[in-house]
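In what comes next, chain A is part of two complexes: it sits with chain B in the first one and with chain C in the second one.
Now for the complex of A and B:
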């Protein structure tokens, strides 16, 4: 550890505080909102002093939304479950497909491999809506619209390129001779892949999986267009709070808190992996 | 050689497309007898590792064939070739301990884990790595990694052992010690090994035969003695031997019963014609121009010799290296005692015709070694 001057430490602290305030304040404000009723939220001027209430969370969990004029059924918990199911399955499928593919792109430089890898990445460049219109038509004809299967398939557009590119970088960083050393000892291609390449790329695969999960969780547009109410994730389900009778800010805030909780927890827990995964520093020394 | 275990047949290696890419190995052919240690000797970048990797199966053979223990292996995957290899870059598995790195090599052999453990301990003792068996590769030195990698190769049961510069990172004492132990280990078990090295002392000490390579081509494949006594060409002559062979261009003429080599500065080396056979004499005379090679150990100071001026005289503790200006070039001679010659003084040097190596100046091929005509 190198010595730092007091001034430097203070400046550093101030800078950090600014950054944290800038990024965390909205979340903090939403957290406060989630414990308030619509009346206290819409007070002018806004105030941090209020009597906390759990009604927002209660109505989300019970599934009934009490508006000022009528009672509305919502499926927030169902949406939350959909989000979890869609994200986990998509990432699992993405890993099963993407990791071997990434290995092939990294190690078996076949003809056109660079082009194919780039094409897969370019799926991320296209505006989703552009892809969605034709896709919707196909899906309706194939009977895939509004099925979990179809949604997971479409989610691969989000998770596969991500997994492919991150994991490929990790595989590329593994010196081929380490694998050769194992193969020459009488082990076949697949054993070597499982026993040497996979463990060495482990941190990268974990990072890619986490990132893919977050991206899948946060996806909105695919699910909006392709899923009906009972298969919608939270991102889309939150739209239900905007009712004819007005916008239920309190419940939206509570919904946001519940829906960001998993990714938030994941990000906190796996920070190190995520940073490593994005800066691509695989096997060293 | 009646029954070679390994045969390289006209091997070419191109990195990139055949005939267009960079050619690292050119038309290399040699056989290895079972139980022999072969040294692949050559300067850096001459294609030693490439040759080894083709035998192991990590690089495709661009042209030619390899057979090992009666099988045509050049199309087989590495796992099926039954060869063991110690890598130039060690290539240990970073996620497991040194012990497991070595034991991994035996996991597929079907031995019991106690037998594996015992073998690991034994080989660790031999290579002086017992203390680091439970460390991870990233926490040990290069020399230790190198020995771990060597252990991982030697512990296996294979038809052929490929050792790519296995002792390059070791300090001299340890190198000498391990050289002896490794040779004993290989010989005791009757193993066949190819050792890549750019260190000729190592090649001489370990190998039954040395394959000298340069520019991707095999220059000579012979026993260490033969390479020293009868280098096949100028390259081998000057590459193998420490200090290197002295070489001079000379014009050959004949006068009464003498064969006269006129050097660049017009000084003459005159030898009795009888020292060269009839055929050799006429061959040399027909060539007119030759390259003369003399090993530093074969140069003697003698009153009847040709003049040379001393530029340096170094006593190395067990021998003197004297460098002199001679015939417009440089000459090095080695004496076993402390030589009493000052820098700048004149000496007279004498060559015995039996110590002369004559090379063709255009092709570099050896013409004769002493009175013996090179084949």
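Now for the complex of A and C:
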């Protein structure tokens, strides 16, 4: 291995620091804002010296927001819980449905398989509002409007195509000979799927699940249109801090920090699966 | 609790003053806010004495769709009194304003019966009404069997009341004899000047009284005040850029958005000499003394900058200035208010207005019960409670504006506000022409203004292009 010169090491370090600074500074600035009041956030010129306060986090957690004119009730923690529940459940359902389907599309050639796969993918192309208004009418008739069940069903429009297409590519990369060998040893189709295909596709499934979770977490419009205020996710709830009486920048910043925490933690935990899964799934042998 | 009730009753009977009542209640450990709710409870009980059957829909439950707004907060704070009066239950969904109208449109257009009544702007009813999504409330207001005899519809400010009524014909005059009352005014905002008194005093500036003085004062403020620009006005590519200060000043010169021919056809009216002169002054003022990022400015930026001391004044909604004069804004307490007539020859201001109103969903299943709520929420008792104890400002009722305690409260904390309102209220109304392409055409007007300010197009050329485009769109829609 070639030895790097000291200068090269320094330059690499500086370049790395610049990149980290560029990407992390907005997050860092938001973190600082979350410990300030509106008055210190909006002062001219901005300063990093301030007396930190936990008021913003306290407001979010206690559910009362001290506005510029009155005390408002906010349901941010409820929104956070809704996001968590909707995202986790939707991805779980998406994985249960999508992984076997992806295997079928990858390994079992049947008539119309490509058409069905592309139809599922096309869910991602449709502008959500175009789909949602007619869907609202159907949901009302079926009694699914304003229910978590209905929302989780609609969230499949986001997570299912993603899981299906990522995992399908991954299954296709698994050499069929391995599965045939296992089958010849006397194992059935389902056992082969569970014992051979699933473990080999593990990183890909984890990556697809994580991406689907992030997409579901960031969704905004589905719950807004189809559900009432008590079922809104954090993406809608965060807008509560922009009021006619002013923008509560401190609470917005604290809200951002709290709402990115679950995805951030999940991404940190699963990042090696994510990189490995995505890169392996993308490369054809 | 008996003692507290007796004190409130004495106040209601006129035996003791408000101050004495508050002092008495305070000695019993009752906060000012709780005292106000108690007073309103007594006023609400008094409502039940006028022979109107408030309990007719007892046991019924209605659901509201509300925008997150101080008006909604005031209603919620007083809601228990309504429930007690009527025996009805009221539930509600509150959504932030950024997404509120998407939610309303989705609910109404899908024919959902989930919400019985909702908050709306008067402009929006130009879409909702003709689409058949909301009911004409005239049939309730005019029905003595359904409306409390003390509702006093005539007590609503005339310009505001009429602005919520339209006959559905493109170009039809608001409040005409055949107009349908699509919504009930709830609270409203005029567009006038809010300026930073501290900055004006320090820089030795006078309060401008017409468009030329406004531009000159803004330029002077821009030059003299460190860290602040001269004037805040909205600039985003949205209809909301046109409707506050800009249209209020424009209308003061007698200018209109659209012409209406004898056969009812509409055409663009903004390519006139007077309009051109006004546009030129407005554009120059923004270029010289407006926010550096003016083209992104909405209600929020215009207000936040004023509250933070980044602008010397705004020509925008009076209640925006009202909100910025409180809370944890750096300039809280420093803001002052003044009526503003852009045209030096005009007798008084002619502010365009935004009206937060209440409307009834046609798909709702409990119309009469919903009307019980609507008349209570827009009634004089709740109006006075909200205006004196909460931020239900500006009230839409003359009786509330005449109330001494309300005037005193506003005058003390918001210098010039009451005078400003009194001077400009007679000329305050929606200055736009009611027609279904309102949002499209007004947004295009804002886009043209942006091009003018960015020097992408000269004012006269921009107005010519705007006129041609509006006329084409009106023709295509069968309106021109």
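Quick notes on this one:
By definition in this document, the second predicted complex is superposed on the first by the 276 of 285 C-alpha atoms of A that agree within 3 Å, B and C clash if a C-alpha of one lies under 4 Å from a C-alpha of the other, contacts with A are read in each partner's own complex, and residues count from 1 in each chain.
Heads up, the rule we're going with is that a contact is a pair of C-beta atoms (placed from the backbone, for glycine too) under 8 Å apart; a residue touches a chain by one contact, two chains touch by 3 or more.
No experiment lies behind these values; they were computed from the predicted model shown.
With chain A as the common reference for superposition, the partners chain B and chain C occupy compatible, non-clashing space.
If you count the residues of chain A touched by chain B and by chain C, you find the higher number for C.
After overlaying the two complexes on the shared chain, residue contacts for A:258 are found with neither chain B nor chain C. Looking at the shared chain after the overlay, A:212 reaches neither chain B nor chain C. By the touch criterion defined above, A:133 lies against chain C but remains apart from chain B after alignment on the C-alpha atoms of chain A. In the superposed model, A:243 makes contact with chain C only, not with chain B.
Contacts of A:223 after superposition: neither chain B nor chain C is touched. Between the C-alpha centres of chain B and chain C, as viewed from that of chain A after superposition on chain A, lies an angle of 150 degrees, to the nearest 10. By the document's definition of touching, of the two partners only chain B reaches A:184; chain C does not.
When the two complexes are overlaid on their common chain A, residue A:144 makes contact with neither chain B nor chain C. By the touch criterion stated above, A:43 is placed in contact with chain C alone, chain B being left untouched.
No C-alpha atom of chain B lies closer than 50 Å to any C-alpha atom of chain C in the overlay. With the contact threshold set out at the top, not one residue of chain A is in contact with chain B in one structure and with chain C in the other.
Only residues 68-70, 73, 93-99, 102-103, 106, 109-112, 114, 227, 299-300, 303-304, 307-310, 319, 323-324, 326-330, 332, 390-391 of chain C touch chain A when the two sit together in their complex.
Taken in their complex, chain A has these residues touching chain C: 37-39, 42-44, 67-70, 72, 132-133, 136-137, 140, 145-146, 221, 224-225, 228-230, 232, 236, 239-240, 242-247. Residues of chain A touching chain B in their complex: 175-178, 180-189, 196, 199-200, 283-285. Interface of chain B with chain A (complex): residues 56-58, 77-79, 81-85, 87, 89, 91-95, 104-105, 107-109, 138, 149, 152, 156.
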